[in-house]
Amino acid sequence: MSYFKIKGVIPPMVTPFNKDDEVDYDKHIFNVKKWGEYDIAGYLVLGSNSETVYLTEEEKLNLIKLTVDNKPEGKLVMVGTGMESTKETIYLTNKAAELGADCALIITPHYYGEKMNDEALINYFTEVADKCLIPILIYNVTKYTHVNISPKAVSVLSKHPNIIGMKDSSGSIPQLVSYKGVVDMNEFNLMVGTAGIWYPALTLGVEGSVQALVNCCPGECVEIQKLYDNGQDQESRELYERMFPVNAAVTGKYGIAGLKYACDKLGLQGGLVRKPLLQVTEKEKEELDNILKVAGLI
Amino acid sequence: MSYFKIKGVIPPMVTPFNKDDEVDYDKHIFNVKKWGEYDIAGYLVLGSNSETVYLTEEEKLNLIKLTVDNKPEGKLVMVGTGMESTKETIYLTNKAAELGADCALIITPHYYGEKMNDEALINYFTEVADKCLIPILIYNVTKYTHVNISPKAVSVLSKHPNIIGMKDSSGSIPQLVSYKGVVDMNEFNLMVGTAGIWYPALTLGVEGSVQALVNCCPGECVEIQKLYDNGQDQESRELYERMFPVNAAVTGKYGIAGLKYACDKLGLQGGLVRKPLLQVTEKEKEELDNILKVAGLI
Amino acid sequence: MSYFKIKGVIPPMVTPFNKDDEVDYDKHIFNVKKWGEYDIAGYLVLGSNSETVYLTEEEKLNLIKLTVDNKPEGKLVMVGTGMESTKETIYLTNKAAELGADCALIITPHYYGEKMNDEALINYFTEVADKCLIPILIYNVTKYTHVNISPKAVSVLSKHPNIIGMKDSSGSIPQLVSYKGVVDMNEFNLMVGTAGIWYPALTLGVEGSVQALVNCCPGECVEIQKLYDNGQDQESRELYERMFPVNAAVTGKYGIAGLKYACDKLGLQGGLVRKPLLQVTEKEKEELDNILKVAGLI
Amino acid sequence: MSYFKIKGVIPPMVTPFNKDDEVDYDKHIFNVKKWGEYDIAGYLVLGSNSETVYLTEEEKLNLIKLTVDNKPEGKLVMVGTGMESTKETIYLTNKAAELGADCALIITPHYYGEKMNDEALINYFTEVADKCLIPILIYNVTKYTHVNISPKAVSVLSKHPNIIGMKDSSGSIPQLVSYKGVVDMNEFNLMVGTAGIWYPALTLGVEGSVQALVNCCPGECVEIQKLYDNGQDQESRELYERMFPVNAAVTGKYGIAGLKYACDKLGLQGGLVRKPLLQVTEKEKEELDNILKVAGLI
């Protein structure tokens, strides 16, 4: 049995780029160390917020290695090594395993989304789990993939000894409860993938979360859970509600460029986005400043 | 000025895989030669029907080279070298150019689809066109990308000397007419990307088309246009309507696996699909046989 | 057998309202007479463009009666008497029949859209056709209903002796061809519901159409078909393409308020829209003026 | 100031029909009395689950009157009197007011959904609130209307003295939190419209809810809130999670016909649905029986 429990928040790390459109590894190292000062559960390298679809294999492996090498002991390194084909996913995940990754968050293949029915997804995740050297978690992120894995498929896959959880980024509480109803919460890490439902998810017994907001507000995301665990429901909820508009801004309207700008303002190193993504404009910076001010962050 | 006119149909070539999930290059060569016997305008390597998202860079370049080497003289080689990042698209397109590709069909980046607004897409295609050694065409395929480039952006991009056309696979005639209204049809190849609107598109003055159906029914797809050009509207339309259900089957319900099965039945070498796509079942084969029979193809 | 053939264009008549939000029947009568001067096939009272969902039963019946009373002989009166419930649809249709309506265009029920599957729609249209005193046509208008009747259901329903046709307003040519493939075109009026595909539909053998654009441009809509029937494909297509942006404006961006404004500018009596619809703004009027100018209409 | 607080659950009452497709008023009276035995906040007459779009004005008014006449004192009567046009909404709401309704739940107009922007909705609800004799609440039910009112519009409308709340049936917690962030919770009843998020909504401070499940499981829906208010979070959540699949069944897969069947099984009088809705099949009844059994309800 490879199951281990994941409790706490995890940043899906942004990848800082410089003006030449190259990865700025120094900024990445700075961020890894900075986040390490907070009581986070670990790191996600190569999540959607890392612009992983813009990275070469070499860049991906560099980022994983630098995370493993610069993190405090005891923190988890999760890697987003899901590719479109079964074989490439297995290849890249095992490369990451060799570099010291602890587990992999595998996105649902999605280019041929209409064909990714229960049977295709069950086959896919089963073969990947069978052949990967580290445990895997299912990554469901409808916003980007336009694929939504069914509770039925999750139920089947949750029984695989090398599939230890899933991250649902749909933001849907009814869907979360549907998943919860078909898995064994003692042997499966049902994680939410957005700060937009962090407090409600806690009240439903979810204990782990990968959320973009941890990039720029690690302390607040950790605190929401600590307060809740400590029985301070009211304080936890108030902090969640205060952070809510910030999360909506950096994951929705302003996207990754906005998230990186917030990182820059709040003590992390966001850097630039890679093309074809557009940088934040001056006007957007002002709007973001205002949102951060209202939330009491600056 | 790099513009040249593209008239006729082009197969977005399937990539045959064998039982070991590897590319079967011999079958690919067979297909290139077989299609070369028909009066097609050229070949599309690495289109959506090639399962290009499942191919490694090495496999992609091999397929391009083998197409260039085995095609009859005078036929165009178009390559689907669009990647998510601007720099990888330029890199791969120029690799293809070195191998002898004539032009590149560049898909709209789409993972961060909500951010691919007019400005982002205009920037992207402009930079790609500026830096690529061969002319490019815009590839709009909403079904897979969930991005739909606006007539406004197409209008701007159509004026770039190295952007010589676009393939719209939306299947929407109103959208096609909208694009037509904003480009100069004498200097821009407005192509349709599905046999589902081939005859209506011809009546609107479209002269080029990349369509999945050419893979298995090259003769019929060529003939529809010849009949139309020859003033035999009625015969052209009847052939189009007879092929319509076959096209719906191999691009919709049964997907690439169905398209490959139809290729196998009709004298081409479809081969298997790569995982995680599912192969056609025996039941689906029967249904497809029936559709091919009704259309008078077997 | 109640089948009769419908050839030509039909305006889905706008309902002019005055400043007190009341129906302006004088303007309606003016319009009926004005349209009667053109070679249209007939009239549609209570279509989507009539704001029928805002009309009381009394207003609906008045509009039908005034149309019957003021139209030239030989022109068809079609009525949009579909309601959500089976019994109300039958009731209202038979009221209209008593007033002299020739046939009814019955919209797919849609509030409980997810439940309107093939079985429900087949049951519905069958019972309505059985119990109505005049022939009916199916009205498929996805844009408003978010329901899309399947070719399979249309195939079944097309065999009912009292169902003499359908109007598809989806604007999708592939869908139109799918319907065409399953009905007997000699005994079923397959009509298109938008000027956006009028010319392509003609090339596919469609001969009847209800289109918003007929409201403000009856002459042009009639002429496109006459030119086509006369073998002047090129002229027909050019006129269609010239009208295309006008149609896009008055059915899409500017809606019914824009359509009514265009009517006012082009010799008909559009009048105001009923609340909660918003009137066109001065800025929108300028934009519309420009579109009408570019199309050579003013 | 007309504001009053609504705390507790409310059944959006089903309308029982008999085999002749007529309203069975006796069953309605039975239900009103039966629900009155539970600690519900009140009744919603003419909500989406009442098949209100299938009812005549006379039937609607009868149902309102019979509810007012047969309910226990102190329970609220809310009426779903929103129509498509501004004037009909005002007319019907004031008719209901005369019959003793306490407040009205006004659905967003939706047939011309694309035109129902912030300005149109703000104008609409403002005029309706101005002219209605009883307080109104906004009803947002995207599933049926395909319209989604923005937090910005809700913020503006929440300040109107005669708009005392809203029911959001989207089922989206992030959206609920967005609304909460822009209204004054002390003067605005932010209610959720589905049992699918009842417990999470309670943890966020929501205190009122109209939910289909109250029709068949009034005791359980009341109990979830009582347990929560009593500090028994764990018990409340467990009951919510146990009811969750029942709610999913009677609001999703099996629809109103399924909801009515569940009512019949659980001591209420569901009756039949009106055409064109389909009755539950024998197979569906078995599936529903099983769902009710698993939930411990039978």
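Each chain carries a letter (A, B, C and D) given by its place in the written order, and its residues are counted from 1.
Everything that follows uses one rule, which is that contacts are C-beta pairs under 8 Å (C-beta built on N, C-alpha and C of every residue); 3 or more make two chains touch, one makes a residue touch a chain.
All figures in this text were calculated on a predicted structure; none of them were measured in a lab.
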| item | value |
| --- | --- |
| Separation of chain C from chain A in steps, with touching chains one step apart | 2 |
| Same or different contact residues where chain C meets its copy chain B, judged by the half mark | same |
| Cα-centroid distance, chain C relative to chain D, in whole angstrom | 35 |
| Chain centre separation (chain B, chain D; CA means) in Å | 50 |
| Contact graph of the chains (line, ring, star, complete, other) | ring |
| Chain pairs in mutual contact under the definition given at the outset | A-B, A-D, B-C, C-D |
| Chain D to chain A touching residues, read off their complex | 171-174, 177-178, 180-181, 194, 196-197, 199-200, 203-205, 233, 237, 241, 244-245, 248 |
| Of chain D, residues touching chain C in the complex | 21, 48, 53-54, 56, 84-88, 109, 111-116, 119-121, 123-124, 127, 143-144, 146, 255-256, 274-278 |
